[in-house]
Structure formats: C-alpha cells, structure tokens
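After this come two complexes, each holding chain A, first together with chain B and then together with chain C.
Right after this comes the complex of A and B.
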C-alpha cells in the first residue's frame, strides 16, 4: 500500500512533538554497565492463608461449597470441588483485587455487550457473588419447601443450577452469575494449589498436567512414553520432603 | 675555561635530566596505576558509586567492623601528609604514619612482598589521584581489638615482613606469577584458610578459605576440590573474561575480576596461570560420596530436577559462559558449603566484563525452599556426577539464612 504523502504542516508538527518529547526528562529508570541486581530479589506469590473465610458468610460458604461440588462432583476419577478447595479458592480471590475489580477500569459508561464479551456491568465479583448467592437461596427456599440450596438433594441442586444457567430465575443477573461460578470453579480446580484450590494437585493428576515445570529437554525425544515426573506446584511437591520419586 | 666547560656540561645534563624526569614520572604514574589495579585497592577503598579511593564500605570481620580508609592525597582526611616512607611502611610492615598500626584486613602481609620499585610507582600514582575530603573512622572494632597496638602482638605472632624471593629453579614466568599471586594480587587473603587470630595458615596456602560468609575454593592442583582440571588457558580465560568452559565468577570474585584481573596484562595472567598450575594440593583423597538412595539425596534430586536443572542441566553440566558446571566443580566439592548455601538462598549475579557482558544471575530461592530442601538439594549436587562432599545440614542453612538476613 502506498504511503500517503505527508503535508509540510504534518511533518513540522510531528517533528515538533518529537523534539518536545526528546527534551522532556525521561521518567523511566536508566541503567548502564551491568544489569541491576540485589540479593534475595524475588516476587513470590503472596496467597492468603487458608483455614478461614474472608468474604463469604457461613451460609454463603456452605452454598458455594454445595455449588462447586455439583459442578465437579466427586467420583472414581477425582475428588469433588468442595474437597479440592474450590470454595476456599473463590473466597480468597474475592478478598483480593479480583473481588473488587481494583485492577479493571470500572468508571463506566456501562453498555450492554455481546455475549462473547462477558459481563459488562458495574458490579465487582464480590458483590455479584453476594447478590447471586442470595438469589439462589431465595429461589431454592421459595420453590423447594423452604430449604436453602445446600440443604437440597443433589438432583434438586442440579435442577436449580440448570434453572440459573437457563435464566429461568427471577433475578436480573442470574445467567451471568452461573457462568461466573462455573468459571471460578474450574479455576479453583486447576489453579496452582498455593491459591487454595486444586488440593494435592488433584486436578492436575486428573488430567495429566505436569504442573509448573519449565524444563523438558530430557524428554522431548522420548516419543510415545508418558512423562515420568509427578506434577509440581509453585510451592513444591511432596517428594521434596518424602524423598520418594 | 675549565669552569665554563663544567658549567655548560652541568646545564646540558640538567636539561636532559629534567626532560627525562618528566617522561619518567609519567611512566611511573602509569605503572603505579597498573599496580593499583593489580592490588585491587579500589575494591576496599572505593565505595560503590563513590569517589575513587576516598574510603570504602565497612568490612565486617570476625573481630568487628573496620572501614577502609581514605587513601586520596587529601591532607586532612587522606594520606596527603604522608611521606613515601610512611606509605612504604604501611604496605611493607603494616605501620602507617606516626607508627599507627594497620589492621591486617588491609592485606599488608601480602603487599609486604611487593618490590620497592612497584611500591614507589604506586606512591607516584596515589599522589596524582584526585584528593577527596572524606573523614573515615576506620577503627570501629570493639575492645580490645580497638587498641591498635594489639596488632604489634599479632604481627609478632603472624607476620614477618618478607621480600619476594624468586626461585632460580623455576622459569621467569613462574616467578612473575608467584610474585603477583603472593604480593599485589593477594589471592591468599580469601583463598588461604585463616587461623583463629585471622592470619593466613601458612602451610595451607591457597587451599580455600571462608571470608564474610563466602567460601573461596582451593586454587591448588587438587583434582577434586581445586583447579586441577583447569588448563592454563582456562585460568587465563576465567581471570580475563570472568568465565571459562567450567565456571563463571560471582560473589566477591566477580568484583575481583571486574575491577582487577580483567584489566591485567595478558602476560601477567599467563604468569599467574603458570604459577597456580604448580601449587601443590594437600594430597587428601576425595571422600566417598553420600549414597544415592539416602533420603536426603532422593529428596534433593526431586528439588534439583524441579528448580535447578533448567539452567544447570540434569547432568550438572550447565551452559558455558552462562551457568556454571556443577559436576566436578571445585567449589561444589569443597568441604565448606557456605558459598553454595548462600547463592541458593540469596541468588547471585555473575561478573560482567567487556568480553562477557551478559551478567547472568541466579535467582533467590529463599522464599521457595525451606532449610531442609536447600540442604537436600545441595547434598544431592555435592554427591552426584562424580562429586563427593559432606552432606549439608538444615542447621547450616538456618544459620546462613540468619547471617545473611542480619
């Protein structure tokens, strides 16, 4: 494609901007000679310690545990979402910048988006969980004999979740809420165990994912053989202590 | 007539003499600058980013804190009022102006074997260094070490000023190397073990020493703990560029290479290599390696494959000029694991030189590996691929962690 010829005015103004930019003091760090380095330099992940709920009330926690155990039920292939810690994972994520959308642009205008664009509203995930869980339990209590979601039989829970997914619930953000929990449950089941889910790397063992490894040079030529090492978390693996391979 | 001729002759001689003196002085200053590089004076006497030779970073010795002095020619705070004799005496005898005794953190026991002409050159250079007013309180030692005259007793016990004695049975190159290693280069300051009083153990010259939580490995021909496997060219490449086919300098040796040995004349590096390749080891046999099926070895292997092998390779070979070879490496096989524990905990940056400017760095693992994991992985590294060295204990790692975090 031919370049559009520049006008003299365009040339002068762009050159002027360039000179102006060049004469401004640089704000970026400058280094010369050797690269900067200091001992103990590290940016380790800083997950919240488990053993408590940060965002969820007791009823919310039990509700989320019941949901994740329906999305990933325990069977002979793997443990369920509750035992894997998915609810705790979600709670800890909601307690951080994910829960408040601190790291997203949240000033509006909030326009309806396409389905492929995901949630476009003004509520942050922590608030969406609060509203969504309340709606879920209200729906459950209204329709199923006054029982909260976590008190229902598994088949009934599945039906409530299907109703939510299909948007059959009288709740303005119900469809979005189901997708949110589904997404976060999968994240909790497959994220690194240091973040509270994927207990004992159960999710990774389930699908044969080798974990946070970075060196496969010894194995790239070993065709048609299973990778011999167990999965590895950022925090390590039990074999570091037990000594078994 | 006779008188006139004498005068004319004198005048001519003076003229020639003056011209000769000027160029001679320039040569001496330049030669002195080179001596300051050989002696790596700036390593201690220049603060990082500070004015040259105006006083350095505090040294934490086992006896307390010493701050390297201002050796610029500033009359108030430097050595501007010193005479050549004061300067010579400081280097040769450890006694500065007005009989003030130096502490042997200043390696005068090594510098004492420097020749008078090299010291005179160094003096000529230091008189031309920019004077900087910077008062340094060198002596921050606790009592009784704070009493400088204590060093008279130390010197009596541990130090006898010695001129360098060349060995006529050896080549001129060997003798030059011996002069550099023992004198200005003061290699033994780190690489020779120290006695309880902090003196070099004379009988164990260059067999490896511990200083400020770093272990400087043996430079003897020991095939296990020393540089027996290194060729002369390997030694020269290491000192000149910071890296050779086995290793890459880091820690205090990175500074020594960057500021000193990388600027030495090639002929001097050759001489050092010739001499070092002739330094005898203690002749002790390598120990038996820790058995591969021991719990620490098996656990350590798991850590090694998960955290180390991407750079140092599963066979411990590393990558030339980037990641040191761990297999059969002198430092890895040394009895004292201090440097190894230290770099695993804190990380380390390799030297950058004109020839090898990359400065590859090892990351810190202190956040990720607990004391047992560090101990196990080092025990594995120290007893695999032909290596053999005592197992590292979690207690050693705990102590180093505490010491480095101070």
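Right after this comes the complex of A and C.
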C-alpha cells in the first residue's frame, strides 16, 4: 500500500475504503501567498482487503453469489459474476459509506414521493440488502419446495429474479431491491479490480474496454481499427506482479 | 460566539471559475481579497493524480468530487400542486464542491451564445410578433453580444480553447460554425484531432446540407501558455473528463489557468472548508457589511468586507440571496418579485445508432471532443411556420466508454443474463451516439424558493426547485428529434433509436448540470435581481456572478457565457464601481 500521511479529507470512505477520516483532527485551511502543496498529499484509493465477508452473513453471501451468477452468467463470453468477485465487491461497498448512505440527505420527514423525486426511503443499502435477501429466500422457500434461493436450479433462480424485477413478489420493495442488486452487480463486474470484482479485468476483456489507460494519442485517428493493447487496472496488470500480494 | 475578523476589501463566496477570475482581477486592481470556499482545497498533482484518476466507480458512480447531499440537498417538484421532497442523492444534475467548483469536473464545451440570445425577447418579438412568445417569460439580458465579445475572448484565451472560428469580423470561415456571432480573432488553439464517430456524424450531417464543425473544447489540442503565464499540456484522450478532475493539466479549470498565479499573491487568501451562512446587511438593508461563515470545527466567524461577491454555483447564489434577504423573493402566483425568477434548465434528447462490424473505440475520447451542428439552434433557422421558439445544438461528442455507465444495447434487450451479455458484447464497440442539447425558456411557473419543510445541517431551509419542461420546449425538442432521425437515417447502421423529450422533469437520471436563472440580470428592477453589471438592484455592494444571471438558457453549455460574465462584472467593478461605489445603473 502506498505511503499516505494522515489526512482528514472526507472522501476516503466513499468507495468502501477504511473509515479513518472521522477520528482525525479537522481544521479549516487558510491559504495565502503560495500555491498549497505538501509531499505525499495524494489520496489514492484504499480499498478493503478481500478474503472475508464484512456485512453479509454466510447465508446472505451464498444468496448474493447465486444472484450475481445469474445476472452475469458464466458462458463462452466471460466468467460469471460469482467468480468475478461481484458478491465480495458488493459486501465491501456495503461496509463503507455507500452502505450507510452517510453522504446522502437522510433527514426526515420521510414521505412517499413521486417517481420523479427518486428514492425516498429511510433505509440505506446495507439495510435494504438485509431485508431484500431475507424476502428473496422467504419467497423461494414458500414457493419452491422449501429451498433457499441458492439451492434452486438456475432456471428457477432466473424465474424468481424475474418476479422480483417485475415487482410481482409479496415484498413491497421487490422491484427496487432488484434494481439495487442489478446496479451493484454491474458496478462489481465493470469497476476497477482494486475494488474486489472484475477479476483479472474479466468484465473489461468481455467488452474490450482498455481500463485505466490515459494516453490514446497514437490511436485517435486510427479510425475503425481494433485497439491493440490489453486492459490495465489502477493496480497494474497481473503479469507485472513478481511477488504475492 | 461569533469571532469578528479584520475587514477585507472584498469577500468572494465560492472559489470556482468565477471566484478565481474575480479574485485575480480584483487583486490586480490592488484590493485585499478573501475567498471563502466550503469544500476542500484541490489541486491537480494531489487530487487528480494520473495513477488513480481513471476510476469510474470512485469518481463517476460514487461521485467523489461532488457536493454531497448530506452537506446540502435541495427539494424538487414539477409544479406547485405537488409537495416538494428532497433529492436525497443528486442525479439529474451534480453540483461541484471544493476549489475549482463545477469547473473541476466539466466536459469542457466552451460556447458563445448567439447575438440574438442576448436580446431574446426583443429579437423574437420583432421577427415573429409578440403573440408567439406570450406564454413564455423570456427577457433580454441587458448586455449585448458585442459588449461581451472581448470578455468571451479573454475567457477563451485564459483557457486555451481549441476550435475553429466560423465568423471572423463578419466573414464566414469554412469549417467553423457559420451561425456564431462575429469574433475578433480565432481560437487560441486549433481543433482537436477527431475520433471516428464524430467523423461519421459530420459526413452524414454534411450530406444532409448541414454545417458540422469541431466543438470548441477546453480539452487542449496542444501545449499552451495562457496570458497569465500558466502552462497546460495536450489532451491525451483518456476519456475521463466529466465527473473527474483532469490528471494531465489538459482540461481548463481554475486549477490549470488562474490559481497558480492567484494563490501566490499576497493580497489574496483562500479559506477552504468554510461555509458562508449568510450575507450580513446594514440595519437599513441597503448595503452588505460582509458575511458570516462557519468552519469545519463549527466555529462561526464574521468577515466584514466592502464588497460581497456571490461566486457560488448559480443555485447557491440564489439560495444565499434568499437566506440573506437580498432582493424580493419571486412569487409565481403574482409573477412579482425577482429572486428565484426564471429558473431554467436544458431540454435534451439522445440518439443511438447501432452498427455491425465497426470499431468505434468509445474509450478514446475527451469531454468536448466531437462535432456540433448549429443549423437548428437558437434562432439560426426560420421558426415562421413552426409552433415553437428556440432550438438545439446537435452534438456528436462521445465523451467516454466507461463501462459501468456506458453499455448501449438496443431497446428490448433484457437487462441481465445471457441475452444481455450477447447484446452488450455486440454493441459496446458498434454504437454511435449523438444528442440534442436544447434551449430552456422561462415560464411563470418555473422558479426557485426556500423549502418550507426541509432543512440543512445548520437548520437553514433547503432550496426548492419547482420545474417542468415548458410545452414550448417539448415541441421544440420533439421537432429537433425529427431532424436527428434524418441524420441517423443518413448514417445507415442497423437500427437507430431517437429519444423524444417528455413532460415531467425527473430528478433521478443524469441530464445536465446546466441550471440557470433565479438571480437574473436585466434592465428593470421589477423583473431582474441584478442589473447589467451583475450588481444587486437592492444591495449595490453585492454582485451575483454566474449562470444564475441568465434570463433563460440557450441550447448550449453555459460555461463560456459564465466566464464572459465574470470578466464583464470584473471590468464593471474595476472601471466603474471602485471609482464611485454605489448603483452602476439607476433604478
């Protein structure tokens, strides 16, 4: 991990990064007579390490892994959502400020709104997953022979997800919950691999996105020609790594 | 307890584009100036580092650089019969935050509005009769294009705009925009190299008899040193402009053009992470005495100043005027009052053309790299036989191929599963997109005021937006969609999908951070909040500078005119106000 001085900037936790900022002393800054600059002041992303679940219970984790593997099924175009790490990605996102909506306007009163007014619920994403996954498994157990969602055959799982997507399930927020999971799964499949999904840039290879490259000057006028270089992550490329991480 | 600080000559609220320009101009005039910015200090090397800047999740999806609703939200409704509710997350537009403001994360389209736009009501009335505009509340700006020409020029040269003049001193130039107003000299840099999709679009538009030209861009086509001596580099087409800070010193912003000079001046100070709570008025309400602000520790300060400059994002200029009691609030039931009046937006529609066997390479891109057609913009075409006024620029400016948010598929494609995968793979590199960016004309019912229910973290009322697309603008946009269909047909492709604008402004999907009006400029204190010098009619040592001053919005991005208004207001203060403080225009 790169060296970083203690900085109290606010955006550390936005992408599932460790919440260090809140405990640091804060002061407004006055700048005059010089362009402010400090060495090592940059704020690289600081994602949570994988290898464990932060928010999901074991049953929730298995459920989310099953869902993301139906949203992005494994086939000859790419690996599936589970292998790509989408469930772990979502878990790590929910462990940060995204999961608690810390950055959103969460003052009441909470009132039912019009579609043009957006989501007006008081529940943040972590709580919506807890409720939504419970509802998904309850629906599955009630309607499909007592099996949890992750125990169903793929075709049955697809049908349950379609029912959620269409809002046909007896769970008031089923369509909203499905949209949340769909959005987060796509984020996991296509975000930079440093956040725990998009394993080996599988999502980028699938469509041909070159990733975190920043200089295309040699290719601008190569109209209608395939782009020749492989994708690149903020963390580099797997073959660049000589040691274990 | 409020700590009172030593007096300054001028206090600037908000250190974005206009705050930086005003700061530079007024310190050059010898004033002692402090800028108060509620967001953090930001600079290229530290905050937009090239090693991690291309991070779509962090910047584009989680919106790391933007104002967070927890700090300040707004409420919205489509009309007065609805109850406004808070936008709990920003969606339709994304206000900036921190030093550089919205100029940090813009795309860089840098326009001059047409000469006719600045006298819109007079122009349309003369050409089509008063009846044609009777349902609209459009107004003249009180300043003409000719008066602003040198201010536009200064902003373009500050930025190093890359483009091709279409009208040099009245002579139409091949390859530029033939509909633009006359400019005294060409852009400082030539147009950017063109990518594939805009090249195809321009060919199709030309075949239809239209006049495509390279979009004037603040993504630089080459190395540049601006008149302040600040150097910038050539854009490398990384496709991370909008929602991102530029890591490459290639996108003009306050950081890359003004701040390196301004910050070194001993008579300038920036205080970051300090939020202005209100502008303080003298007991008679006829002059401002300074501002009260709160720092990040919750300590409250009073900063006395002789001049108060509102340089926040336009919506926040309006809110601070309402919170401070500057100017009479607008009332849509009577049409009286000025602060909050003529809130406008942008009327957009998109087009997708799906091909087979192409390599569009959408990731080779820049925020303002593309081609524009202005034949149907503003009043560049005859509206005599039509049932609307206004128009739209047609823009093929594929800004990025970032895959969380850019995955075009034909309508009817499932949103997930195997079929979704096949279509996503097939069309990611085979889709050409272009769009119409339409004018937004004022009506009596669209306005800004303070929300009666919802408060910010300090207990102050949130701004309330009451807005829907006017019928005139819907008719305009739908007619424009017909013109987009003609270009799409010319492009060929397997399938074209042309969107059509509808009533019911939705605050959720991103549309445009081009919110205008609310503290508009004009010649009559009964219908404008500020005079032609951006000076408050009611409190003459307060100036409100930004898109809040637009009486209505044109079919073009607002930053060019915002930059021009900043220079215009700075000239007014330097050349007139400082010599004789007081009203620059008699009411």
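Operating definition for what follows: the second predicted complex is superposed on the first by the 198 of 245 C-alpha atoms of A that agree within 3 Å, B and C clash if a C-alpha of one lies under 4 Å from a C-alpha of the other, contacts with A are read in each partner's own complex, and residues count from 1 in each chain.
Just so we're on the same page, contacts are C-beta pairs under 8 Å (C-beta built on N, C-alpha and C of every residue); 3 or more make two chains touch, one makes a residue touch a chain.
Please read all numbers here as calculations on a predicted model, not as lab measurements.
Between chain B and chain C, C touches the greater number of residues of chain A.
When both complexes are overlaid on chain A, the residue A:34 reaches chain B and chain C alike. Applying the stated contact rule after C-alpha superposition, one finds that A:104 touches chain C and leaves chain B untouched. In the superposition on chain A, A:77 contacts chain C only, with no contact to chain B. Once the two complexes are laid over each other on the shared chain, residue contacts for A:229 go to chain B alone; chain C is not touched.
Within the superposed three-chain model, A:187 lies in touch with chain C and out of touch with chain B [touch as defined at top]. Once chain A of one complex is fitted onto chain A of the other, the partner contacts of A:237 are limited to chain B, with no touch recorded for chain C. The residues of chain A shared by its contacts with chain B and with chain C are 33-35, 37, 41-42, 44, 213-215, 217, 234. Residues of chain B touching chain A in their complex: 295-296, 298-299, 301-303, 305-306, 309-310, 313-314, 345-349, 352, 357, 359, 361, 363-364, 366-369, 372-373, 376, 404. Partner chain C is touched in their complex by these residues of chain A: 9-11, 14-15, 26-38, 41-45, 70-73, 75, 77-78, 98, 101-107, 109, 111, 113-120, 158, 161, 165, 182, 185-187, 190-192, 195, 203-204, 206-217, 219-221, 223-227, 234.
Chain A makes touch with chain B in their complex at residues 33-35, 37, 39-42, 44, 213-215, 217-218, 229, 232, 234-237, 239-245.
Chain C contributes residues 40-41, 43, 45-47, 49-58, 61-65, 68-70, 73, 76-78, 82-83, 85-89, 91, 193-196, 199, 234, 236-240, 247-248, 259-260, 263-266, 268-274, 295-297, 358-359, 361, 363-364, 401-404, 407, 415-418, 421-422, 424-425, 428-429, 453-455, 504-508 to its touches with chain A in the complex.
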